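The letters A, B and C name the chains in turn, as written, and every chain counts its residues from 1.
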Amino acid sequence: MTEAVFRETAADPRTQAVPLAHLSIELGHLYMEDFEAGPERLRQHFAQVRPWVDAARAAAAARAGGKRPRVSTCFLIDDYFTRFSSPAELVPLLLAEADRAGLVIDYLARESGCAVAGKVPVAEAVAGRIVESPPPGSYGLRPPAAQTGWLANGERSPVARAPQAMKKAAVWQPPTETAARRHSVFLDVELWSDDPDGHRTWSCPFLAAVWQLARLGLLRNEGEPVFVPQPPTDRGFPDDWDELPPLIRLNPRADPFAAYRTCSVLPNRFLPVEHAVRVILDQTEVDRGALRQVAERSAREDVAVPDSVADRVSYVFYAGS
Amino acid sequence: MAPHESAPRAVLAGGEIRTCLLPARQALDVRAAAQLLGLRADERVLLSERPNLYARSPDTLTGIDCPLPSANGAHVRAVGTVAARAALTEGRILQTSAYFRLPASGPDQRQPWGHYLVRPGLLEPFGKLPHEAVAQGVLDGGRHGELDVGLIAGGLLTRLLRHPLLDQRPPLRSRPTRLRWVALPAEGDQGPSIERFTLAEDELRTVRLRVPEGTPPADVAGLCDDLALHDWLLTTLVRLLDGIRLGSGPPPARVGPPADDRPAVVAALRPAVDHLLHLWMPRARVAKELAPLWEALEERPGFTRQWQALVQRIRDQLTLHAIPSLYREVEPAP
Amino acid sequence: MLVFAASDKGGTGRSVTSANLAYQRALTGDHVAYVDFDFGSPTAAAVFDVPGAVRGTEERGLHSYLEGEIAEPARIDVWRQTEHPLLRARPNQSGRLVLFPGDAGGGEFATDEDALERCIDLLLRLNGEFDLIVVDLSAGRSYAVDMVLAATAHPRMRNVPFRWLVFHRWTRQHVIAASGLVHKEHGIIGGGVERGHDEGALRAAIRFVRAAVPDPESPLWSQGSPAQAAWMQSCDEALRRLAAEHRIGDSVVLGVVPLEPILQWREQLITEEDVLSTQIANKETLEALEEIARRLTDDSYWGQP
């Protein structure tokens, strides 16, 4: 800023870079009900996923223009909303079923890591980065009553407030989607809920949005990467989820976890959740240093990466539940 | 190239700064300052101790979609984000600063919001931007419903002033000021210059700048933060001395007179010594390329000259009152 | 220092008297803000003789501010914008006198949590800027009274000193009503305690101003018959007893404003000029106002009675 001779570290923000693959493929999301349905459910799932994974790899190869694209796969287990089984029991089963379908899970993540990774309150940090899309007419005044804990893709219906004496109450008006093409598909997403003790539970779409940002290599905490893959310990998988790092590298030869783009192969019951994820990503300002690093790196590699973060994310929804 | 750099070059930058005394009995130390300005859980507050204590928050963004003010009535809609940040100097002076930049032209329709979020602080006009007219419009202040960056700086200030760290016991009465600025491209390869610095209304100042193409708007905002800070200091000292009755007559019946029987002049001037006089430090954090702009203001009207005169006056008054009355030939006034 | 001006009924001269107090303090060099929270019937513009200036602020007054429609309420510099020829010549060494008007045509409205936060923001900002802030409140147990009780009980305002002035006329009905406003179950003290105020501290910060009081000694009545004088005297004594019974006796009275036609009919600021040269106002009235203004910050008049 002033003289290059003098430097103060606290006055000189740095952002650490993360290694990047071309594509991160999510092979699935596992919830308790899937687990309770038995190994057949997993087997079915991986069998359905397999052809789409091949297609996603082929598309990545085509985009890479002949060079071998770096592609990594990942799998997310819910240990946030419900706790079930244990890593020692579940992980080997999961790997076996994936292997049966000819799939390799490179990275395994815990959903609670998207809320708090180690000591870093990731979800809270991402919530602080939401910049709401302004409806036309936004000139700088803060909207009188922001719905805290909710995020919409447009303008809500006006709430009937107690009007001043002698003034008329407003008539009902429909909500509108800001980016609507003629007609609106209005979506209002609940980001979190607080219980009476003040304990906050992040919503599934919100954590899924954090998960996408992690896979895009765009999360930082004070400049440090947040999801750093750890190798599994020699002692095998623990009996308690809390003892498992938020992200582990199961395949030592895997390409980097974070990637320029992501693709998630999911049953179509996830469609509403992922629509909500898109609404969130479209209104989240990601770390500028991280964003710049991705842009510079991809430019050096001559890989096209969409500007908009939400556009870096893609999905395959297969029939089934 | 980074996406925010792939945007067309800005032909106009502008912003507004609010400057006020921190409403707290004691100046905040560095740690408390970091707590106050920690607007984001995952981004550090910039802290600096040389040449003075200074803390700056990360930037926050506010979404905008509205017509731009313009001096000739041209109606240009713009969409994008305005960046805003807060800074605390010596734990005592709080500033919020909102700023934006505008390219010469933009797409004719609104893009998905994610497009704007990766270009922080950029507003894209629909079509061509009449930048001279808009620059004047910004300085004049728009009509209701047109872009008002002052609201964004003000909103951030309101948010910070609600912080529980503040005990709401300001050591002296003072008024916040607003400084609105625009920067237009300099002609040819000329260096930066201040075209006009205006004391408009009671609390409003406007600054019109020319800067070489490619000057980062954050640097220009930094220069204007520095101008606003020092203008606030001058304004506050002038008003402080203005409110004191020198010469004969009863002292003003200020609310809450000091518990002891110090003369009113000492009671009124003491907070300035305790909290303000050490803050004068022009150019402390101005980008090297823009630092020479201060010279124009030092030349005329002579910011530092006026400051030194005011400081001298305050010290003289206090010295006068420090002399035991026994040795004074005449009672100092009052 | 914040001073809240309250009354149970209309017609007590609350607005005009509190405006005069603000004016008197500004004359002595204080920077004074006058905040018009009389949401039902904003009248301050008339008192300060700034109707033209207020006309430009219809949508930018305190209602719009509290409802969040604007970020900063309009302010009117009285010395500069008044149409009163005497006020415009701002006396040398006087402090600033700034009016914060309500919206023209704004009504009484229910206040919510957001409005309360904005109210606190405003009062704190004014506290940093002005020596004295006079807040004129709608008559009765109004939303405005509720809001400022909640605001002053808020932790953010813990270090901001405040005082209450309750205005009432010198009649049986008004004495009983004024006492009710302060002492009844959900009155200022009860309501304040519900919102977190300390009862003793709040009680110690409330004083009464008796307005439009006919002074039996005044030359105004010197033409009356002896019987009339005796009757007035006994009425006055009876009222004093009544006031004492209702806990608003002399010990909690900050001042008495004599019956003054100029306040009753014109609702205007009383200047020295009105007393000395045109003589349309009584000297006693001006002196009473000056004295009450002075006592606002004289601690010997405040505290537990």
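Quick note on the criterion: a residue touches a chain if its C-beta (ideal position, glycine included) is under 8 Å from a C-beta of that chain, and two chains touch if they have at least 3 such contacts.
Just so you know, these numbers come straight off a predicted model, no measurement behind them.
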Remotest chain, subunit C as reference, centres from CA atoms: A
Task: Report the chain closest to the protein's overall CA mean, measuring from each chain's own CA mean.
output: B
- prompt: When the centre of a chain is set as the mean of its C-alpha atoms, what distance in Å lies between subunit B and subunit C?
  reply: 36
- line: Whole-Å distance, C-alpha centre of subunit A to that of subunit C, is 58
Statement: Rounded to the nearest Å, the gap between Cα centres of subunit A and subunit B is 38
Statement: Multi-chain touching residues of subunit C, meaning two or more other chains, are 71
- line: Within subunit A, the set of residues that touch 2 or more other chains is 141-142
- prompt: What are the residue numbers in subunit B that touch two or more other chains?
  reply: 151, 155
Query: Which of the residues in subunit A come into contact with subunit B in the complex?
result: 1-3, 6, 8, 10-11, 13, 120-122, 124-126, 128-129, 131-142, 178-179, 219-223, 281-288, 291-292, 295-296, 299, 307-311
Task: Could you please specify the touching residues of subunit B with respect to subunit A in the complex?
output: 1-4, 6, 39-44, 46-50, 60-66, 79, 81-82, 110, 112-115, 117-118, 120, 142, 145-152, 155, 284-285, 287-288
Task: Provide the residue numbers of subunit B that touch subunit C in the complex, in ascending order.
output: 20-21, 23, 151, 154-155, 158, 161-162, 164, 167-170, 173-176, 202, 243, 245, 249, 252-256
Query: Inside the complex, what are the residues of subunit C that reach subunit B?
result: 1, 25, 28-31, 71-72, 77, 93, 95, 117, 121, 124-125, 127-132, 155-161, 294, 297
